[in-house]
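First chain written, first letter: the chains are A, B and C, and each begins at residue 1.
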Amino acid sequence: MIYYLDLAGVAVFAASGVLAAQDRDLDLFGAILIATLTAIGGGTLRDLLLGHHPIFWIVDNWYLVTIIAAALATIVYLQFRPAPAGLLAVADAFGLAIFAMSGARLALEAGHGPLIVVMMGTMTGVVGGMLRDVVTARVPLILQKEIYATAAIAGVLTYLGLQAIAVPEALAFAVGAVVVISLRLVAIRWGLNLPSTPRLPRQD
Amino acid sequence: MIYYLDLAGVAVFAASGVLAAQDRDLDLFGAILIATLTAIGGGTLRDLLLGHHPIFWIVDNWYLVTIIAAALATIVYLQFRPAPAGLLAVADAFGLAIFAMSGARLALEAGHGPLIVVMMGTMTGVVGGMLRDVVTARVPLILQKEIYATAAIAGVLTYLGLQAIAVPEALAFAVGAVVVISLRLVAIRWGLNLPSTPRLPRQD
Amino acid sequence: MIYYLDLAGVAVFAASGVLAAQDRDLDLFGAILIATLTAIGGGTLRDLLLGHHPIFWIVDNWYLVTIIAAALATIVYLQFRPAPAGLLAVADAFGLAIFAMSGARLALEAGHGPLIVVMMGTMTGVVGGMLRDVVTARVPLILQKEIYATAAIAGVLTYLGLQAIAVPEALAFAVGAVVVISLRLVAIRWGLNLPSTPRLPRQD
């Protein structure tokens, strides 16, 4: 079950990579490459940091196959109609949610404490999208003012909290993911954001 | 033989790093640092992803020595005459070719299937140049419209295909590299490109 | 002692991350995330490259606690008064110094030769700040014209040279760090720089 969620995560992040690349004049393989970086970036960093070899997508071809299929489907779709408004942000929200949860789960299974679990979940969730935005020379979503990393942190805390009160892991995973997605979508829809750090004039 | 090709690969990528850095006001050591990141970025990622320790340049000083020598030679050359038009792209094409092939070879030797071999070759080839372009705040070559990642993929497929029909590995390596370089140079010279993904208006 | 220097290094780099993020409209957690990337980026790359698992901050919560505390303190400070002119560059100089030294030390302890030690120290020192600047879409400090990577290299060479004449390691570490900081601050104050690589017209 969680395995299929993981595949769904790489699929939506792959789609978000194609959406981010679409006005960058990339050809077919360039677009698939960006999709792949976006989809496996977070999980790969998670596995590298935890010293968890082999990396998840190296031993299981379904990840790459899913990414390529999702990227191609997105490209074909875009031939017929434009991406609906905000689709990149929505696809990104799903990827963020699933990757934050799976990063947290792996850190938890490896026996790490809550601080590392929160940190690893958040980094796993945001790194793929950051790579996508940096490589396609876009302003990273994480730098936009709506709730972003905060959504991932809230989801991982929910996941940890539910397990602390004996909720089964798979259910805690799902609820945590729903929390991330809901927070992000609500934040995008109504422009919610935490107070930002101050905008004083900078002198350097 | 392939070892010397590998050294040639780091040399041309080091030179491409200096060329990319030359209008960025870097001093000598800054330029060498960018050259080094460009030259070892792809191979280092390859080794990290395959869990292949120690990393290639850590156990063999010739890589760093070659990089420093190539960077210095490029810097000295630039004191006397400007870089010929398109030299950055040509140096990049050679680096892309050799690194795509050596990434593919290492993945193949580690027993991985064709999908991982293609993927690892492509990533090894493009990552050094991506790092160079991101760090020097340039538009990544991979985002230009001519054939780029596609050239690496075609070269790796050639390398795999030739070995499948019993061509010796070293020859397959060389022919694959020639395919990458030819595709890139032809694409640059005549502005060839695959149809890009569509440029519909984006709304997010 | 050196452990506390290391904690001081992550603290100042965390503060520099918040300073770099402050006009980017990040919320609290976004700012802490950038602070964390900046503070652990260099050391994490060092550990990954040397195959040194577990990564330093994964087994010792004090690093993350220090980063969060330093980031929060910086955010609170900025509510009351603007950052003094050049504070980002000064915080960066301290982080650069400590991380360059600790990267060099780890490489030396792992038995590597001088070339790798210099290289590893320099990369450890500059990578956190590079990540900070790329992720916050700023022009990387390393691309500014004052002495930067050069300061790290000079510090590591001092560290190696002092040990070669039997100076105790901890003292060599401290003197090396002072060399880096002094070079950077002098360079910033009086605009010192090595002659840059030439600015010939580029044609590609």
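Keep in mind that, in the parts below, a contact is a pair of C-beta atoms (placed from the backbone, for glycine too) under 8 Å apart; a residue touches a chain by one contact, two chains touch by 3 or more.
Note that the structure is predicted; figures quoted are calculated from it, not measured.
S.K.: Rounded to the nearest 5 degrees, what is the angle of the rotation relating the C-alpha atoms of subunit B to those of subunit C?
M.R.: 120
S.K.: Quick one: compare the interface residues of subunit A with those of subunit C and tell me same or different, with half as the dividing line.
M.R.: Because under half of the interface numbers appear in both copies, subunit C and subunit A meet with different residues.
S.K.: Measure off the straight-line distance from the CA centroid of subunit A to the CA centroid of subunit C, and report it in whole Å.
M.R.: Roughly 28 Å, centre to centre.
S.K.: Taking each residue of subunit A in turn, which ones touch at least two of the other chains?
M.R.: Expected reply: 48, 134.
S.K.: Where on subunit A is subunit B touching in the complex?
M.R.: Touching subunit B from subunit A are residues 18-19, 21-33, 36, 44, 48, 53-55, 58, 61, 64-65, 75, 78-79, 82-89, 134-137.
S.K.: Within the complex, which stretch of subunit B touches subunit A?
M.R.: Spelled out, the residues of subunit B in touch with subunit A are 48-51, 112-113, 115-116, 119, 122-123, 126, 130, 134, 139-140, 142-145, 147-150, 153, 193-204.
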